[in-house]
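Common to both upcoming complexes is chain A, partnered first by chain B, then by chain C.
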Partner chain A sequence: MSDSTTVSPGPAPVAGSGDRRSRMPSRGGRRRRAGRIGQVHPLVALLWLAPALALILGVVLYPAIKLFDASRGEYSITGLRKGDAGWDNYVKVLDHPDLGTVLRNTVVWVVAVVAITIVLSLALAQFLVKSFPGRRFVRWAVIIPWAASLVITSQLFVLLYDYNYGIINHVLLSLHVIGTPIDFLGDDSWTMFSMVVVGVFVSLPFTIFVFIAGLGAIPDDVMEAATVDGASPWQRYWNITLPLMRPALMIATVLNVIYVFNSFPIVYTLNDRNPGYLHDTTITFMYKLAFKSQEHDVGMSAAAGIFNVLLILVVVGIYLKIINWREETSR
Partner chain B sequence: MRSTKQSVVVAGLAIAGLALGACGGGTGAGTAPGGTAGSTGEEAKTIKLVAAEYSKDHTKAFWDAFAKTYHDKTGYTLEVQVVSWDNIDQQSSTMIQNNQAPDILNLNAYASYAKDGLLYDSDAVLPAVVKDDILDTFVKYGTYQGKFYGFPDLSSARAFFYNKTLFQQAGIAAPPKTWTELEADAKKITALGGGKVGYALPLGPEEAQGEFSMWLFNNGGDWKTDGNWVINSDKNVATLDFLKKLADEKVTQNNPARTNRADAFDLFKSGTAGMVIGFSPLAADLDKDKKVDYAVAPFPSNDGTESKTFGVTDYLMAFKKPGNEKAVKAFYNLYYTPDQVNTFIKAEGFLPVTKSGVAYFSNEKALQVYLNTLPNAKLTPTDDPTWDKVKLAVQQNLGGAMNGSPKATLDGLQRTAESGG
Partner chain C sequence: MSTTTAPAPSAAGTPAPQGDPTARNRDPKRRKRILMAVGGALVAFVFVAPYLVMVLDSLRTSSDVKSTPPSFLPKVWQWDTYAQILGDERFLNWLKTSLIVATGSTIIVILVAIPAAFMTARHRFPGRGLFLLVVLVTQMFAPTSLVVGLYRQFFELNMINTYGALILTNAAFNLAFAIWILHGFFSSIPLEVEEAAALDGASRWQILRRVMLPLTLPGLVTATIFTFIAAWNEYVVALTLMIDDDKKPLTVGMRAYITGYEQHWDQLFAASVIAVVPVVILFAIIEKHLVGGLTAGSVK
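On to the complex of A and B.
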């Protein structure tokens, strides 16, 4: 990744460098180059790093290698490895007749959920930083969808959306908004909409709290200065709040894109009655390839998993690139 | 400040990306068939059973008690792991990939496992008296390439359930004997209004092959005849055309293509649906709720000839592992004693798989409808490994016929079957 240079800031002046604290063997001290105070023998450093390295190797790297290995194997329906498949599994995934549908669904799902979540969260965060009686309880209430298990939330929505007994249809019918019930989960024109609603619902809490923190970090004096200079509330929001919220917006967007892209329970649970891949995203597609579809092929599913990792890395990489580019041009 | 924040994002991204890779990491690989535990060939004293959960109340209780008896009588230890039906396919597949196959696995398919050479056949682990006691139908469908691998644990047979109250309100005197009558009755029930559903037709992915099997067997059709796939035969196309007609006439529940069996059962249990294809566990639920006044009848055939029943059995298959043969044989010897197998079947509300079991249950009035048909029940071609994939294709594609062409749907399934899945 092109941004990898920013991971280790190197000798460039970073926060805290050059002040008195850096003379102490603190966290900042470890960043010094050889010969400076705080330097330790490489073996000692390795000892300190060992637990983290073991964790990364065991929990991240080893399964990733196994995944890659599985993607290159030929598997029987029972899960038995019959031999090596070379790149066949990758070719089969790319040749899959429903791949286009699945990719389109993924784009719609991620873009819709993240965009709606960000916009709604900006508004709700504005509201939640104002002080009003009972604010604490409202903030707690906002966390609840986050605290609940995704599968439970999804099942709950399946009941709410139900054609025969669902409360949503019941309310809409009683209010005479509609004449016949809406098949939220079975009607192709409604399914994605219904899923997006749930996706937004569970993404809101995290995003709101990121934005609340972001709003809290905006210095009051800047706002006061703008007010004194006669800026209207809208101007203040557009020219001060939003630009200063950029780090929060960036973090919220990147993490939400990854989170929503990887969201399995919602898409799977709300979609389990629908045959084929009409409303599947790449994640549920991967699962169905392994266990539910006529392919029932672990190797193909592993190849799809590799594609998923690459896809999300590329998408987020492009996003960060765009952000950087804007920053550079605005300087 | 900007650069540190960015580095946090980048680091977080890197971790998330790697974690994503890790999520798929359960798919490790093992090339050797079966298991390699105890490669010295020593006799295994402990064997593992992975059992499917038929019910929360009874399954675990039965197997725990069974394990105790097994230990007391044979000295071997049985480790029991009960897994829900939703997960068992995934779990068993993962176990085999990782070279950790159980000794005995309870599943609804076996032929693919037999094809992969993972299983013991009856000569190795099933006592001869037990084999003779198992109903001929189940021996037939449990036999792959001349050897009996699929030992049935229990069975079920489908029957026609109807709501007597709704039939009375609609002025219908007797359950239908032909499909024409069924269609007319469904129209009458739907005409009662209030959201009543004539016939609850579940063609969703959960068990589309079960619903369709019942219909096609009663139109003289089949999945496979004389070793050839006949999924798109004229009779089967006519059967699916008829189901589409029922859906188009709106005498079924809304959107049959997207209705799972459990949802169809719910409609019947709530008294909304007039007719449904059910089996003994549904009857048990209905008896417990006491909400619906129902009766069970043979499923009508298209032309009024004798009704055929769709039977289902699940399997207890034995994995070849060095040294486990004796312990596995002792397991089957004990499981198929009338005390054990019939206790299990009775608790779970299913049907027997042995001749002695049929005799044992013969005085149960509620089961008469099923028991009479059981020895002649038709099963799906579970003895063909291809069926394991065709079944999945049927589940994922059959519903598509409700909004498209039944002929094209069945042609597609036929192609899948002929190409070996």
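On to the complex of A and C.
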């Protein structure tokens, strides 16, 4: 950031900063650009940022340190620290017989949910920017899964999917799509599919709204020019809309990857009755290691948690690159 | 992509280039609009349907929820489930926790986010970019990934089963959104407004309180509602830290309606309705500003 070099020299401006600001306009054109945004002494700024920093350091960074700390310790089943474990917990995670399954599930879960969400949202956003009677109500309806608690939605789907009482099986049976009910949550070949459906359902609203915003930012005259040049609707979509939607697409993809990766309630709730780790992702795997398995192994769970944090950091790095983050957040 | 200026291009757009539609081609146009309205209704139905089932199930008897074959409408409309759970002390305790935690987190977030957003949006100082980067990174971290660390921290502080632990966690992890949204609103206020106040001798604090905050009311409302809802819906941390039944929030507590011993589906869904409906209404109010806040850092 260039501020460090442009901070105006002179007496410590802490106390007199108010005066300095009020004098700014009289300095005329020479200082106009710098004067438009108030320069403050870093200590004054720190004072205003202190509460936010305290909260972030105390409840985000400190738990991250505790997580690392726990990953290097050996714990009893009741959660008491027995001693140092070095890197043993990491080795135990990497040697865990279910790790392969869990990693595969995570990849399938994230890729399937994000890909399907993006494709469906593109179509739905395209539809929802058109004007038609009742559009407002449709947009409100689309919001619901976003606003509702994920656990409640997940519990709801547990019942909707039910083998005997579920409305989904009932409708499919009545329409003769299937001959016998499907055990959506109990049949191993269906479980991931059923989870992905719910994952997409709750990811759609945010993604649709990002795309609606992206579509709104495409200038009308570009489209009109293409129409005048005789481009068909599909040509316009492929050659103009999609390329101009690139930033929105990138942002929606990366943010969804993070949200879906972090998503706990859906996988946890829909799998509640299934033993073992057959349908778990790395997040629920980590949780169960500490709080729900026979082992109750805090250290191992923490090690798994560190792997999760590293993965998220990689994705955040990609995100920063995509949005072209520079330290100087211009204006 | 600029989200806040989205409506501008269409407003400045030229009028329909093809001139007035004649009576002949107005009819197909109308048919198209009707078709689209029907399509819209279908889309809306898909998104509403599961929650419609939730409302209907809250009005059935518990045995009717689990009947084969399932029926779309309740066999008996049972309205007193709501009265029942509202008189149930367990439910009231969960509701109390949810209200205390959501309100507490929201107050902290707003009080902490306002000065930070005002400082970063209207001033320049060394480290500003770094601070905004830290905020962006925390936005990406759901408490889920740190839950074991959070548990260890509050275990050692002897804060398991306390409202304080949940309030602090929710406040910390929702701070980023509030800072972004307020940052955006503060930045959009013309500098002249602030300069005029400064000329009148107002201090930075007075400028914030008397001039800036009243002008950023929509941003404040958005940040408040969003934080409240996020804390209200939070699950993993509450599931981990709140072990006593009477300290659990709604999202965690209501699972007790369905256990191996008792199955009160009607009560589960009535509780769900109470937890979901107010929040959806609040969410609809702030819909316009949400995307900008969540993709902030990329919009600037």
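As a convention for this text, the second predicted complex is superposed on the first by the 275 of 331 C-alpha atoms of A that agree within 3 Å, B and C clash if a C-alpha of one lies under 4 Å from a C-alpha of the other, contacts with A are read in each partner's own complex, and residues count from 1 in each chain.
Following the convention adopted for this analysis, a residue touches a chain if its C-beta (ideal position, glycine included) is under 8 Å from a C-beta of that chain, and two chains touch if they have at least 3 such contacts.
These numbers come from a predicted model, not from an experiment.
Using the contact criterion defined above for the overlaid structures, shared-chain residue A:Pro243 touches neither chain B nor chain C, since it reaches no partner. Once the two complexes are laid over each other on the shared chain, residue contacts for A:Asn274 go to chain B alone; chain C is not touched.
Greater residue coverage of chain A by touch, when chain B is weighed against chain C, goes to C.
In the superposition on chain A, contact of A:Gly86 is made with neither chain B nor chain C. Touch criterion met: A:Pro51 reaches chain C, while chain B stays clear of it.
Contacts of A:Ile143 after superposition: chain C is touched, whereas chain B is not reached.
Look at A:Pro233: by the touch rule set out above, it reaches neither chain B nor chain C. When the shared chain is aligned, chain C comes close enough to touch A:Pro42, but chain B does not. Overlap of the chain B and chain C interfaces on chain A comprises residues 1, 3-4, 7, 56, 59-60, 62-64, 66-67, 69-70, 79, 164-165, 247, 251, 255, 258, 262, 286, 290-291, 298, 301-302, 305, 308-309, 312, 316, 320, 327.
Those residues of chain A that touch chain B in the shared complex are 1, 3-4, 6-7, 9, 12, 14-15, 56, 59-64, 66-67, 69-70, 73, 75-83, 163-165, 181, 183, 185-187, 247, 250-251, 254-255, 258, 262, 272-276, 286, 290-294, 296, 298, 301-302, 305, 308-309, 312-313, 316, 320, 327.
Contact residues of chain B toward chain A in the complex are 1-14, 16-31, 33, 89-90, 92-97, 112-113, 115-116, 118, 195, 204-206, 208, 253-255, 257-260, 263, 267, 270, 272, 385, 388-390, 392-393, 395-400, 416, 421.
Taken in their complex, chain C has these residues touching chain A: 1-3, 5-7, 9-10, 12-14, 17, 33, 36-37, 39-41, 43-45, 47-48, 50-51, 53-54, 57, 65-70, 72, 108, 111-113, 115-116, 118-120, 122-138, 140-142, 144-153, 155-156, 168-169, 171-173, 175, 179, 187, 191, 195, 198-199, 201, 203-204, 229, 232-233, 235-236, 240, 251-252, 254-255, 265, 268, 272, 275-276, 279-280, 282-284, 287, 290-292, 294-295, 297-298, 300.
Every residue of chain A that touches chain C in the complex is listed here, in rising order: 1, 3-4, 7, 17-18, 21-22, 24-25, 36-42, 44-46, 48-49, 51-53, 55-56, 58-60, 62-70, 79, 124, 127-128, 130, 132-135, 137-153, 155-157, 159-160, 162, 164-167, 170, 173, 201, 204-206, 209-210, 212-214, 216-221, 224, 247-248, 251, 255, 258-259, 262-265, 283, 286-287, 290-291, 298, 301-302, 305, 308-309, 312, 315-316, 319-320, 322-323, 325-331.
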